[in-house]
Amino acid sequence: MQINLQAIVERSDTRAGRTFDIFVQALILISIISFSLETLPNLDAGTRKLLGIIETIIVVIFSVEYLLRIYVADKKLNYIFSFYGIIDLIAIIPFYISSAVDLRSLRVFRMLRLFRIMKLIRYNQAALRFTKALTIAKEEIVLFSVVTIMLLYLSAVGIYYFENTAQPDVFSSVFHSLWWAVATLTTVGYGDIYPITVGGRIFTFLILMIGLGVVAVPAGLLASALSKVRMENQEKENE
Amino acid sequence: MQINLQAIVERSDTRAGRTFDIFVQALILISIISFSLETLPNLDAGTRKLLGIIETIIVVIFSVEYLLRIYVADKKLNYIFSFYGIIDLIAIIPFYISSAVDLRSLRVFRMLRLFRIMKLIRYNQAALRFTKALTIAKEEIVLFSVVTIMLLYLSAVGIYYFENTAQPDVFSSVFHSLWWAVATLTTVGYGDIYPITVGGRIFTFLILMIGLGVVAVPAGLLASALSKVRMENQEKENE
Amino acid sequence: MQINLQAIVERSDTRAGRTFDIFVQALILISIISFSLETLPNLDAGTRKLLGIIETIIVVIFSVEYLLRIYVADKKLNYIFSFYGIIDLIAIIPFYISSAVDLRSLRVFRMLRLFRIMKLIRYNQAALRFTKALTIAKEEIVLFSVVTIMLLYLSAVGIYYFENTAQPDVFSSVFHSLWWAVATLTTVGYGDIYPITVGGRIFTFLILMIGLGVVAVPAGLLASALSKVRMENQEKENE
Amino acid sequence: MQINLQAIVERSDTRAGRTFDIFVQALILISIISFSLETLPNLDAGTRKLLGIIETIIVVIFSVEYLLRIYVADKKLNYIFSFYGIIDLIAIIPFYISSAVDLRSLRVFRMLRLFRIMKLIRYNQAALRFTKALTIAKEEIVLFSVVTIMLLYLSAVGIYYFENTAQPDVFSSVFHSLWWAVATLTTVGYGDIYPITVGGRIFTFLILMIGLGVVAVPAGLLASALSKVRMENQEKENE
């Protein structure tokens, strides 16, 4: 019996284990949708009550699951202080302490378990490759992050000097200009803040010419590192 | 005669077949333009009538073509239930059932036939390479799609907490915040919804720093896989 | 004398030839700036007159240069009907025919001559590699352009169905929706037109998930082809 | 003693040297934050005074550091006219000459020293690779920059012809149109200036189809050159 329970709860290569995994993941999805629906304004009392009941049922099931996982674990403390153990606890504790802050959205981290079922197939390989690729390109990514932050700050100071006198309400400080720098260098460009002086626009052009290269490089590095890792794995398989 | 008809309708490596293909594709283009024109408001009755006549003529020709294709097919059921067979049917059926819902825009799928003529030359190779590249990078693309959806949801929940009290009408629920997350992480940035609190803006910056990398990687992977497939093909040709 | 003139006008590997090239290019730049200044509204009569004089002087010099180039050319007709020959003519003819349409901006094509002086150094190599890279990735780029146009049209038809009833003035036809599709899939997002219905927003999300990959791939392909060409050249040099 | 001081000030591979470096960098960060805070409008007198005191203290320390660096340098003139020597002077001189123009923001360049401490670990390798990658892709990047500027100008002239009559206040000259070209081709799209005529919109579509490829290529080239440099370094290490 003990072995059976362990096989169901911990492993996902048995039929029962896979069913259990899918059941838990379905509950996570329902819980996330229910959490999102609760944020809708003008919900009528009936719906709100229904969502409350769903929430209670889900938390009870998650609590049972948490206790089960402790029960079947060979090294109980190891599970409790593991990444998933902590996530599992965080997912249910807010309900019991009925804290003012709503932590239920953290339940989304339980979605990470979706990757568990993927272990069955080959998706863990993709995740593994991603980690490897990050390791390969780590130094460049750190370098580019530092350069990006310096560039953002310099852009903010520059545009502040150009635009502050023309638009004192919009570019009212370096911090407000930083918001402009973020929206511009990422090319989001909401349009809530933009230069209107000739100097500010030329400055924006120059910053964008440099900035686009800097901001877009990390994604390219990651993609190229990922391709390389995949290629190496294939070479190993061929040998 | 039977053979000739088949050569004209099904194949595109004969002169007559190519002419037939180009004729059908021209009709598809006319049909698409006519469909688009019909959506224009304030069309006068004369133009509307003309477009209706064009539509009738095109559907009649397409119907004849559909019947011809069934007639010349060696295995008639195979054609009827093939991808192109279904598309060919969908392209004419709305006209006959004069359904309330306007399905004529589905005719655009017939444009896929444009690729048939390309088979003549080498463009099918490019399409083939694209399919191969997708197969190579499939796992990473699925992984990144899952991560993107999780990131979008987490961004939406995060910005909801920061902005809901400041802008209850704009960030009125997690679903409204999701729209912000889509517009921001894809860097479209329409400007209809954006954070105004300091916390929300810092959160946007952090999310963009991570998100830009995640969102831009699949395109890089695809491009790199495509280059790899092209290289492999060239090596084969050289051997 | 004949040989000297030819060396000055046609070649750029002599001292005099280089000086002549730089002189012509400087004139092109002045001409472009003067053309741009003329478009400024509220110019006073004095400035306008000065710009007219500058324009006359430049056209006269360019005319002399054009005649010189014909004079020194070994095969005169070859020059006249060459790419640069036609550009040289287009650059001066508008002034003489004082046509209603202002073609002087076409003079910017003369800037292409800037690449001539680069031939001296190694920049022609970069331009050559670019042409080679385009040839390598040609098929994929054509394929992606076709797919992009189909995607734009399908996006436009889709959003038209979702948004037309909610915003009949903004998404008033498939053509107006096409403008939305262009601004959205390129992630420019001016904010003059965007979906407000739930269906339209979900549709936008789905289209962007597919579209970002499609739109960004050609640049990646080009970059990867360019790197490949550079690598091949280096291998040749090493041999 | 002399040697000890030199070890502390100039080198960062000793314990004391590292502590000194971190201390100076912390001061730089404090100075930058203090500078940014000063730009905030509606600061009360107390805070402003406090920031002034912090500023004075920091400049005094930086002055001592500057003199120390001259004192310990083996070749004093070499240091004074070196890149860092000039930066160090620029960082303190504005305070003394209390110039009308506020140059204190230039102090951000001192942040470049942050890279010095990285020399300890392996980050100098990443910076070195970046320089190498820039050298490799230099020609293409210069070519694409020239093409980008030409494309921006041609886009501006084009849109000016299409939109000037429809929106004389927005697209009032080629220079105003240039601002549109920058915001559009970088896909920032603030939404302060966009075409409204059919011709202008079709022109925008065409320009974006070409422009997206051109603008995004340099980042791809840089990423690919960086990957190549990393690969070469690894091969050397393996040998």
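Order of writing sets the chain letters: A, B, C and D. Residues in each chain are counted from 1.
Quick note on the criterion: a contact is a pair of C-beta atoms (placed from the backbone, for glycine too) under 8 Å apart; a residue touches a chain by one contact, two chains touch by 3 or more.
As the structure is a computational prediction, the values presented were derived from the model and not from experiment.
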Out of curiosity, which chains are bumping into both chain B and chain C? A, D
Taking shared residue numbers divided by all residue numbers at the interface, is the value for chain A and chain D over half (same) or under half (different)? different
How many degrees of rotation carry the C-alpha atoms of chain C onto those of chain D, rounded to the nearest 5? 90
Geometric centre distance via CA averages, chain D-chain A, whole Å: 29
Per the C-alpha centroid definition, the whole-Å distance linking chain A and chain C comes out as 41
What parts of chain D, by residue number, touch at least two of the other chains? 175, 187-191, 215-216, 219-220, 223-224
For the chain B and chain C complex, residues of the former touching the latter: 32, 35-36, 39-41, 105, 108, 111, 114, 122-123, 125-127, 129-130, 145, 148, 175, 179, 182-183, 186-192, 215-216, 218-220, 222-224, 226-227, 230-231
Quick one: which bits of chain C touch chain B in the complex? Just the residue numbers, please. 136-137, 139-140, 142-143, 146, 150, 153-154, 157, 160-161, 164, 168, 172-175, 184, 187-191, 194, 198, 201, 204-205, 208-209, 212-213, 215-217, 219-221, 223-225, 228
Which bits of chain C are touching chain A when the two form their complex? 187, 189-191, 220, 223
